[in-house]
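What follows is a single structure, and I will ask about it in a moment.
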């Protein structure tokens, strides 16, 4: 784990970039430092591998003060990923990734083999191994940067806005890949971003910093969204934090109706306002209004949600987007399991809040990593 | 009238070629004591040694100022001084002060070659992608490792250009040094002028021009060989 | 007797030498600029032209000045033009990249808005593009002027057309070392004065580039 103990950084011209920062980033988790510009998040990160030296306080990795080791040696045991990758333009991709193992004394052949393994981990086409950075796209360069940081298998990874310099679609893919990689390697990660959505999406713990380098709140994403510590944090989280909070509740809580669902050849129930027609495989075909004549076109269903895997946010989104106001629930194979109205989803939301409050007051709440639902990291198609 | 002017020009061009022809066919220049080969060798020797000396002085200094970012003003002052100082004047002054010999030629040769190498090295290293240098530090490279493994390879195109400028400068200065009794190919030009022997003059001038162009070619080849394909393409 | 008195065999007075020196070296740069402006503009417009043009200029620049002067004698005899033409060609290597950089410094949005406001092509070139290109062009003019002044002195080897270079060769032949010192000092001072004067000119031509970023650019 990484511990900041009363860490401060004051520059010679008087600016205080970091003021008395104290927090502990737990092992095997992603801790995000987030805040507006001037809040000292990058400075704090760079003090961990001593690219910047603190003026006060100390930083410990697994209980050992980082100031105790020679800087260059320390940095070889910490992975470092930055915004524009910073690949060496004169070296091939594979030699870029092999940098730290070679620095640590590995033979070039071993280092290159390790590099190729990592290319597989970050899903880079092996053919790119002998290319040069200028021949790669922005997203590919970032992935090389991540591979390079992981090459020596460091326990700790520092990431400074690694996905900010690419376009939104590439960013989403990189974030999803990154979570997958983390689930395989389980590193202790300190991640800096200015984007609160990215922080909520990726962070197991989030530290919100305000201008002047002061820690405003350090919490899990759910707690942060549910109980912002002050007005600054509330404003920083933005107006739709209520909706965003729903990402952390399971959609299984939504009660589903099956009566309005009719298969081929079955007559629709005239008492229900809408009827969902499915085919022989129970896959959804479309909606029809009650009282509609035989043979009229079916209304499209919009998109569906999966109660077993998705969050309440996905359910609500499906209902809101549906032309009929009803959401269609499917299983993992796309077969309809039921439908839900916006009202029933709202009821599920209210009861989820109630359950959470009960858990909190009776102390049953756990401090583990937040449950993530499939809709948060579904790849962009 | 135009025809007459053109005719004169054409006539003069033919003259030039005639002179050149005579030079190339006169065995006196190509065999024996003061042959072209001797003088060419001498010219090349001095160029090589002066370039090496200038590089030994300027290259490490340029690496230092480029890597640390300090000393920029000093570098630009030196670069301007080098442009402003008259080679001819310097050569003559030093010869008068020190007598005819090796030093009065060597000092201007090296001194005037130092600024281009210094400037090009400094600018080249400052121009390396700062993200790459930051990443190198963050990964755990020591300053010397960063200089040798990241900054210099990336700055090579600029450094080679500086060396090339310096080499060309040295060849030109060595040519003028014939005026103060240096040998080399400039000898033909200076002797030819004082003897009104334009065959010598033209021969010397063409040879020296070809030598310069050969230096350009040499560096072009060197660039292909030494510079990483990852940098060349940009 | 003041240090500026020159013996009669020099054939010129001190102010006379300054005049000749400036006339020829700066004249060469001016002529070079007249050529470099259209060539540079063409290279900026058609980027494929740039590398070959630059290569030719680089090759020309590498020809030692003495050799160049001497080869030209066949065409021009021994006159001022013998020195002027090579100096002009040398300045092209420095001026063409300067013009190209200057032209490239004009943001395309600026051109577009000028067009949208109804500037005709000539007016747009003179009133919008050229002024923005000035700092880069002037930077190269300054370098070319300083080089030209010192290169001209090589003309002293071939005869009386090297400006202060003549003083150097006279000093050598008549064993008057003070003439050599005078020549070198005068050349250095002249070069720096020219650099300063051109810098001043650049500042007056581009009053908007005063201020922090402007000072950085202008000081190149």
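Letters are used for the chains, namely A, B and C, taken in the order the chains are written, and counting of residues starts over at 1 for each.
In the analysis below, a contact is a pair of C-beta atoms (placed from the backbone, for glycine too) under 8 Å apart; a residue touches a chain by one contact, two chains touch by 3 or more.
These numbers were taken from a predicted model, which means no experiment stands behind them.
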Partner chains shared by subunit B and subunit C (touch criterion as defined above): none
From subunit B, the most remote chain by mean C-alpha position: A
Rounded Å distance, subunit B centre to subunit C centre (Cα mean): 20
Averaged-CA centre spacing for the pair subunit B and subunit A, given as whole angstrom: 58
Subunit B residues touching subunit C - in the complex, by the definition given at the top: 9, 12-13, 15-16, 19, 80, 83-90, 92-93, 95-97, 168, 171-172, 175-176, 179-180, 186, 189-190, 193, 198, 201-202, 204-206, 208-209, 212-213, 215-216
Of subunit C, residues touching subunit B in the complex: 58-59, 61-68, 70-71, 73-75, 143, 146-147, 149-150, 153-154, 156-158, 162, 164-165, 168-169, 171-172, 177, 180-181, 183-184, 187-188, 191-192, 195
Subunit B contact footprint on subunit A (complex, rising order): 49, 51, 72-78, 80, 82-92, 99-100, 103, 132-135, 145, 148-149, 158
Subunit B to subunit A touching residues, read off their complex: 129, 131-142, 145, 149-150, 153-154, 156, 228-231, 233-234
